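Chain lettering (A, B, C and D) follows the sequence in which the chains are written, and residue indices restart at 1 in each chain.
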Amino acid sequence: MFQANIVEGLIFTLAAALTIASAALVVSAKSLVYSAFFLALVGAGNAVFMAMLGFPVISLFQLSVYVGAAVTFILFSITMFRKPVRIEPTAGILALDAAVLATAGLLYAFQSVTGTPVSVGFKEISSLLIGKYRFALIIASLALVTTLIEAITLAMRGEMK
Amino acid sequence: MTVLPYLAVSACLFGIGLYGLLSSRNFIKMLLSAEVIFNGGLLALLSLAAASGAPPTGGTIAILAIAIAAAEVGVAVSIAILMFMLKGDVDVYKLEKFKG
Amino acid sequence: MQVSEIISWLINLLFYKPEVFCPIFYPGLVTILALLIFIIWLERKIAAKVQLRYGPLYVTRKAGGILQLLADLLRYMFQEPIIPKTVDKIAFIAGPVLLFATAYVPAALLPATAEFTGLRSELSLLAVLALLTLAPIFDIIIGWGSNNKFSLIGSMREGYIVMSYEIPMFLSTLAIAMVYGSLNIVEIVEMQSRCWGILLNPIAAATFLLVALISTARFPFEIAEAETEIVMGPYTEYSGILYGLLMGASYVKFYVLSMLFALLFLGGWHPSITWLEKIHPAAPGLVVFIKALIIMVFGIFLRAVYPRFRVDQAIRVGWHLLFMLSMLSIAYSLAVIWLVG
Amino acid sequence: MACSGGFILIGELEEVARKAAQWLVEKTPIKTIRDWGIRFSLWPVHFTTACCGAEFAATSGPRYDAERYGFLPFTAPRQCNLMLIEGTLTKKMGRAAKIVYDQMPEPKFVIAMGVCGLDGGIFWNSYNIVRPWQILPVEVFIPGCPPRPEAVARAILMLQEKIKKEGVKVEARGGT
């Protein structure tokens, strides 16, 4: 039991370091391609957290849909820009203040939360999805289809010009 | 181990993403920072769901959120591509013309 | 005495612990390396036979040149790895290594037999699929990092292809998982002792096989590295051992997908040969390997007989044919569940 | 592979590491294995400038099947280690040949094919040709106009014999 705790803490520390470092690199990397690559690492680290929190299904869903599809799409699109786009950031002191304040506020708000990781199987989630939340599922898939059509239309318009 | 460290990580992700969102002018950089914020929010959602009475509900919402985020990325990136094609740039300060 | 104890402990750890044996030996690294040497030789040999030639022969004359790929590998190892000045160094060097790693990691999660599996999870099928989707990221990264127009065009093509095959891959796999009502590979295989998956849902099997061919750039879908159009696709600038890794990565991915096909649709380790278990607990898993090998030989045989599709044709195949087929396979699964119950 | 970032250690660590690696590679068993690998894995670049290209293609065809010796015509110079100059090199094409040669990784070999590759052939004494041996270290010459595919196969065998006898000398270069 004690050993398991140590291993868990170790994995958590590693994943947290990886995730926060890659998040910082997403924001600070000069090249957009590297930014997108580190976003993939953020997503992967987040998937580790989800698995540790007891949501293995969502962790794998995140890995396959978010990292595997969305981030790949971003990366793919960024490499399509012909010249490297580099714009100097604006003065970031105000932004830094706001970010630090927001983080501190969030930490303050979260400090009273108690609870331990659970374990949720995919059967519960899928029964909820097709049972209680089926309207949400329908609306989400409608939104997906709409955005797909929108994206195709945008791309077509760009192509025609 | 409680869920508190997870929440701390999610707050850090939120802060880093917010800094990137506020300090950059590049459209795609802003999108990427917003994605970092989204990751932080997702982590917070899931850890709070784990701490709450009904974890599967939180998980369901998270699955829907991830799917919608993937769609949103598609639209935002195609807007960026279109902007690059039209203006040859992705600086948001040059978007003034698009004001309503 | 001390030494013999250590040796027996090591042997026990290496050969009889599934968590160690599976990633390193049977579905994992050693098998993959041996298979790489064998399968590429076989690919060249089959192509040669179709073209009325002999193929690689004089390297080991008595054995039909089976060590040809070992010679190629040695040459690659001792060749100078050129890193051009114009490339992005980190992406250029880290890309192939990470690509090979992401292609290999799903292989480590595959089960050898029912009792002897590296990863016991309710979601092992989903885990393998999720890890398989990560490889295209590095394909795009190396294409961009090479700073060469052919590399960039190649990785663009890879990106287009990824978008067209990823959804059918997931849908066809989930169709077969729906029939058996499980996402655990071991459970799915155990349930196939009565009826193989390819008989229960042939549409899903056909879709998955086509997707496996597309996603690993086998002919007729070898589009990202089309030699006659864009020099070597994303791999144009690579030389030496880095190119060896890149060339190996697609074969490793094909091996993983063939193993998955054998496990999901061809009954896995059924019919099980029980006396093999006396030799080693993982030995009955050889049945899976032989089935996967047959699939791989089919895949490499296509190189000798088919020309290449254009990229738009391949995308059309992906969206018009495979997407519809995968939808149909889901409907078929629902019908099977409804009929059989 | 040079680590341009450098190390904290004092001294030319890269230089020392390169020398150590070279010393290791030059030892007998490793050297023998390496030479064996290179011998049976000669991948040529197509560098067709004249009619010898047809004969070179026939060498890999069904009748003469040079792939028996592990001779696989490949796409890009980065992955190849053998260059066959097939025919006349004009001055302009000589520049291109040099570029292709520079793109190939060490260890690399050059075979000059056809009598034009020896001394110009029917273009002997022309103002606009260059002999391959003037710009590249040619290992084997194949006479003939154009040479038969058997001659090309013999050149491959000769090169293999040469590698077996003399070994390959690799100058460990830094990163380029």
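Here is the rule we go by: a residue touches a chain if its C-beta (ideal position, glycine included) is under 8 Å from a C-beta of that chain, and two chains touch if they have at least 3 such contacts.
Owing to the predicted nature of the structure, the values given are computational and were not obtained by experimental measurement.
K.L.:
From the C-alpha centre of chain B to that of chain C, how far is it in Å?
P.N.:
Once rounded, the distance between the two centres reads 33 Å.
K.L.:
Taking each chain's centre as the mean position of its Cα atoms, how many Å separate chain B from chain D?
P.N.:
Centre separation, chain B to chain D: 53 Å.
K.L.:
Please report how many Å separate the Cα centroid of chain A from that of chain D, as a whole number.
P.N.:
That gives a centre separation of 50 Å.
K.L.:
Distance-wise, how many Å sit between the C-alpha centres of chain A and chain B, to the nearest whole number?
P.N.:
Computed from C-alpha means, the inter-chain centre distance equals 7 Å.
K.L.:
At which residue positions does chain B touch at least two other chains?
P.N.:
Where chain B is concerned, no single residue meets two or more other chains.
K.L.:
If I count partner chains per residue in chain D, which residues reach a count of at least 2?
P.N.:
none
K.L.:
Chain A: which residues touch two or more other chains?
P.N.:
Those would be 57, 61, 69, 71, 73, 80.
K.L.:
Select the category (line, ring, star, complete, other) that matches the graph of chains linked by touching.
P.N.:
Chain contacts: open path, no cycle.
K.L.:
Would you please name all pairs of chains that touch?
P.N.:
Chains touch in the following pairs: A-B, A-C, C-D.
K.L.:
Using the touch definition from the top, list the residues of chain C that touch chain A in their complex.
P.N.:
Touching chain A from chain C are residues 88, 91, 121-123, 126-127, 129-131, 133-134, 136-137, 140-141, 143-145, 152, 155-156, 159, 162-163, 166, 170, 183.
K.L.:
State the interface residues of chain D toward chain C in the complex, per the touch definition above.
P.N.:
Listed in rising order, the residues of chain D that touch chain C are 1-2, 4, 25, 33-34, 36-41, 61-62, 65, 67-70, 72, 75-76, 78-79, 81, 103-107, 170, 173, 175-176.
K.L.:
Under the touch definition given earlier, write down the residues of chain C that touch chain D in their complex.
P.N.:
Interface residues on chain C, with respect to chain D: 44, 48, 51-59, 65, 68, 70-75, 77-85, 89, 93, 227, 231-232, 236-240, 243.
K.L.:
Would you tell me which residues of chain A are touching chain B in their complex?
P.N.:
Listed in rising order, the residues of chain A that touch chain B are 5, 8-9, 12, 16, 19-20, 23-24, 26-27, 32, 35-36, 39, 42-43, 46, 49-50, 52-55, 57-58, 61-62, 65-66, 69-71, 73-74, 77-78, 80-81, 85-92, 94-96, 98-100, 102-103, 106-107, 110-111, 113-118, 120, 124-125, 128-129, 133, 136-137, 140, 143-144, 147-148, 150-151, 154-155, 157-158, 161.
K.L.:
Which bits of chain A are touching chain C when the two form their complex?
P.N.:
31, 33-34, 37, 40, 56-57, 60-61, 63-64, 67-69, 71-73, 75-76, 79-80, 121-122
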